[in-house]
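As structure tokens, here come the structures.
Two complexes follow with chain A in common, the first pairing it with chain B and the second with chain C.
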Partner chain A sequence: MMSMRVGIPRALLYYRYFPLWNTFFRELGAQVVVSRPSTRKVLEEGFKFADDDVCIPIKMIFGHVLNIEDKVDYLFIPRLLSDNKTGYCCPMMAGLPEMIKYSMPHLPPILDPFVDERYRGTRLSGALSKVGRKLKYNFLQTRRAYSKAREQFDQFQRRMRDGVSVLDLINAFETNGCFTDEPLTEKEEDGSMKIGVIGHPYNLYDTLFNFDLFKRLKEANASIYTPERIHGHTIDHHLRRLKKDIYWTLGREILGAAFHLLESRVVDGLIYVTCFSCGIDSMIEPLVGFRAKREASPYMALMIDEHTGIGGFVTRLEAFLDTARRRKFNSDDERRTS
Partner chain B sequence: MKGYLGIDVGSVSTNLAVIDEEGTVLCHRYLLTHGQPIRAVQEALREISTYLPKGMEIRGVGTTGSARQLAGVMVGADVVKNEITAHAIGTTHFFPHARTILEIGGQDSKIIIIRDGLVVDFAMNTVCAAGTGSFLDQQALRLGIPIDQFGRYALRSKSSARIAGRCTVFAESDMVHKQQIGCNLEDIIAGLCEALVRNYLNNVAKGKEILESIIFQGGVAANEGIQSAFEGELGKKIYIPKFFNVMGAIGAAFLAQEQMDGGGKTHFKGFEVINLHCKTRSLECKECENECEIVEFSIGEEVTAYWGDRCGKWENKL
Partner chain C sequence: MLHIAVTRLFRDRGVDVILPPKPTRKTLDLGTKYSPEFACFPFKLTLGNMIEALESGADAIFMPGGIGPCRFGYYDAIQNQILKGLGYHFTMGSAEDPDRLSDMLDLMKQVAGLRTKGALLKLFYLILVRLSILDYALKRYFYTKPREAIPNETDMVFRESVQLIDSSLSLPSLLRARLKTSSWFRKIALRPGVTPLRIGIIGELFMTVEPSANTGIDMRLARMGIEVWKSVWLSDWVNDRFRFKPFTRNQLKLSARYARPYLRFPSGGESMESVGKTVLFAKRGVDGIIHIFPFTCMPELVAQTILTKVQRDLDIPILTLIFDEHTAQGGIDTRIEAFIDLLERRRHSSTFASPISTHPNRG
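On to the complex of A and B.
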């Protein structure tokens, strides 16, 4: 009997949960099919089906679904409402399965577990058990698959916190099917500059959206700090001083990470990759900007949208790195002379 | 005598400047690019070579502007820098106390915030070119006024017409409307200048602290109407430097000087590049789905550079 094929689009939450999802399905004996890396063409295919007004990462997932729909028995597109105790995801994320189901014809059945970490019954483990049950696996099988998946996920998060590049980790995971202990990137490369890069993971790590941002930063001899490197406790600690908690779960992480990087002077400059028409970014970005001003740290928001050209992106990035570098060396000089 | 050459190739103009070891500007040229950056650079080099003192040795070359890479490969640049850094370096040399640079060029506009001589923040217009030089050019043409007279018309206005500045499409239809209801030309032009300034301050300069001294440069700084609209809106004095339209090139020359400071030999190919037959060709790489647009640059029959690929395969080919 041929094993069941489950398709995972390489978009949105893929960049956060792929090691967990992949291990879960493989442990159940399914074959996981991931769409190809993002390209202009994948995005343009997505335009044909996605609503005009949605943000560009949502349009991208349509292209990825199209890329694998005819190669799989099921599509896996979870509905994430909340991944912590207090907040919510954006409505696009919460309504994603419907948006796709009703915009694209001839799709295979969609596995769309409802995940809401605020309540016991809808946590990720329970949601995936339901998926297992739907696929006719017994309780024990899904429990075992989930605990294996969780192991890999914990390792994923631990290594991200250690400073291993998220993209390197995911790529290595895809090649090996699991995490191995071999070191991927030198933990603390001693770059001449430390640059913080924040934003939604699906904007930061998508190969089309980020215009090789990480490669360019490495070429400029900068070490990179992303929100994944920062522990949840640190993020909570920095947000506790706000008048109220941040409503959006993903935005919360970005803001807490930004506050930490700015206030503890970990980085010489901070870049926020935002996305046009993102409601969360439109709220969080100014907050980061105000804090950067207060801390007198070089800061830049790079916005991606359908018309973003590489020219403007590179010019801004270069100018920003020049600014950060000149300021750093200037303050180093001052410290030395005083 | 030794000097440094700076080249700024923008969408609309191509500017060259030569400075000496002391940082004095020896000569400069401002030419229209006319969509042909290679020819514009050659033409500007030809003109500037006739002005240079006899026996002048070019010790370093810097390029900047949106065609900086192309110009850099063509002339053999020692440093290729973005225009924000170049402008800031050029301006702070002449105005050590500058704290804000407003720069409006042919297709882009920037604001550069400087504190204690260092760039601390900047912003650049994104996809929208409303309020840049090209739009003013286009409107001057439509109204049949030479662009260099545009500012003078604006200054003659007694009460400016209210024009929408958010978008050039709306601005234009607003202008047509005002002209049809009988507003005079001076008031419409003054209104347009104010609209552009409002648009700039609300978009590009949003959230930036505009402190004095304020320097206004770029091609549009030639327009007195815009200068006075800035002064009116900000309530502060706006300075326009003598070299307002070639500041990027001057900055690039300073960057070249900085680069060559430690000695070493320049990559400059010499003024002979004026007569070389340079050409570019673009091709689409089909090796993967990214379908990068590759630019092939050749001098005579020989291909000397490739760029535009994301994987680096073409770039490293030669």
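On to the complex of A and C.
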């Protein structure tokens, strides 16, 4: 019998959970099919089915689903209401399986585990074992697969915190099928500048949306700080003074990371990659903006939508890097003279 | 409606309630000026309203907060910061989680300065009762208006009953007011044999409830001779959470039951109500649905995507109206008129008469 093929679209929470999902299905003996990296064409395919007003990452996942729908037996699109004891995800994530199911014809069956980490019955582990049971695996098999998957996921998170770029990690994981112990990138020496890049992972790491942002920053000899590099305790510490805690898990990470990077003067400049019509960013971005103003740190919010062109993007990035560099050398000079 | 329900009660308890002037274009411009560019429409309108209230001398603002996937819950924190940044001195009271009774009572304690829990509960109950009677009057208005025989009689009755409800501050007098409202509306002469077009208004709570946000669309539809059914009512919204009126149906559960084939898990905001009530309304014989929400509203976009499927399955026309600070009444009117024409033609061309149905808002 041919092994079952499970499709995972390369969009949205793929950039956060892929090692976990992949290991889980592989351990169960299924074949995981990932859609091809994002291109303009994938996005345009997505437009045909997605609603006009939804944000661009959602349109992107429609394109990715279209990319793999005829190659798989099942589509894996989890429904994440909350992936943290206190936090929520975006409302779109909670309605995503239905949005896809009712907008596109001829889809293979969708595996849509309901994940709500706040309650015992709907934790990720339980939700995934339900998926396993639906695929006719017994309890023990799914448990074992989940613990293996969790191991890989923990390693993924540890590596991210060590400062390995998420894209490198995921690429290595896709070629090897697991994380190996050898370091992926040689220990990078400190660049001439440190730039913080924050935003939702699916905006930051999508190869179409980020216009090789990370490569461009590397070429400008900057070392990069992303929210994944910052420890949970640090984030908690910086958000403690906030009047009201942020209840979006990803938003909370972004804001905590931004506060940490700005206040501890870790970075010489901060870039917020956000997408048009994102409700969470629309609330978080002003808060980051206020703080950056107060700390007098160079700050740029890059908003992407389907009309964003590479020209405007690069121009703004270059201008920003120039500002950050000048600011840094000026302040270095001042420090030297005083 | 909320301000009518709350104001007199608090004034009666010695709190000086300042009602900000009715939101106008200017309010919205003020709000837009100081809001984050991509905040949603209710944020901008409420911020503008707050500024106007502060200008006219308020020193405390109360805004329900919340915890939920929708961004409404974080309004109060950011509005607070913006207003402080503008140099106003005030205290901001907000409920941590409006779904929890204790937090709501805390909020009221800050406003009314009451000490005992019993008094707070009583006040809260009174607000709820006033809200539900006001909603009742509005429901009767929506039913009677398109059927009235003498023009504008319904408007007069409605105005009078709102005044009556506004002036009744105790439970017995409120109950009397409800009975009176009911009998007044019953006395209105109806044109016999009229079956007006029925339109269901669904969507986000604030946009469907606040007339200055939706350009008074429900009242205008009623005046055009259309029977309006609404999916969310403020009193139901409160009652679904606290069940102070145990014999009233839990509307959220009702919507969830009808939404189940399409949307099994709530995705925040009023998405569940929007999908569920569309199915319910369609089954009860509504001619068309108008879906209202602010631009970039996340939960309603989920609902909208799913509604495209509902629309096909149940063969019901849906008009989506998205509001933001650039919305002008002219554009909305044109679209509504076109939509009504479409519904009328549909009704006449269909070979079978519209199904006889019971009104879900009555009884």
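One rule holds in what follows: the second predicted complex is superposed on the first by the 335 of 338 C-alpha atoms of A that agree within 3 Å, B and C clash if a C-alpha of one lies under 4 Å from a C-alpha of the other, contacts with A are read in each partner's own complex, and residues count from 1 in each chain.
Keep this in mind: a contact is a pair of C-beta atoms (placed from the backbone, for glycine too) under 8 Å apart; a residue touches a chain by one contact, two chains touch by 3 or more.
This one's a predicted model, so the numbers in the text were calculated from it and none came from an experiment.
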Chain C versus chain B on the shared chain A, clash or fit after superposition: fit
First (chain B), second (chain C), both or neither touched by A:Cys178: neither
Touched partner set for A:Ile280, first chain B, second chain C, both or neither: second
First (chain B), second (chain C), both or neither touched by A:Met4: neither
Superposition-derived minimum Cα distance between chain C and chain B (Å): 7
Where chain A meets both chain C and chain B, residue numbers: 286
In the complex with chain A, residue positions of chain C that touch it: 36-40, 65, 67-71, 73-74, 76-78, 80-81, 85, 94, 96, 262-269, 271, 295-299, 301-306, 308-309, 322
Touch list for chain B against partner chain A, complex: 66, 81-85, 118-122, 124, 126-127, 207, 288-291, 310
Footprint of chain C on chain A - complex, ascending: 50-51, 53-54, 79, 81, 88-92, 94-95, 98-99, 102-103, 114, 242-244, 246-248, 276-283, 285-287, 290
Of all residues in chain A, those that touch chain B in their complex: 36, 39-42, 212, 286, 289, 296, 298-299, 303, 305, 307-308, 311-312, 314-316, 318-320, 322-323, 326-327, 330
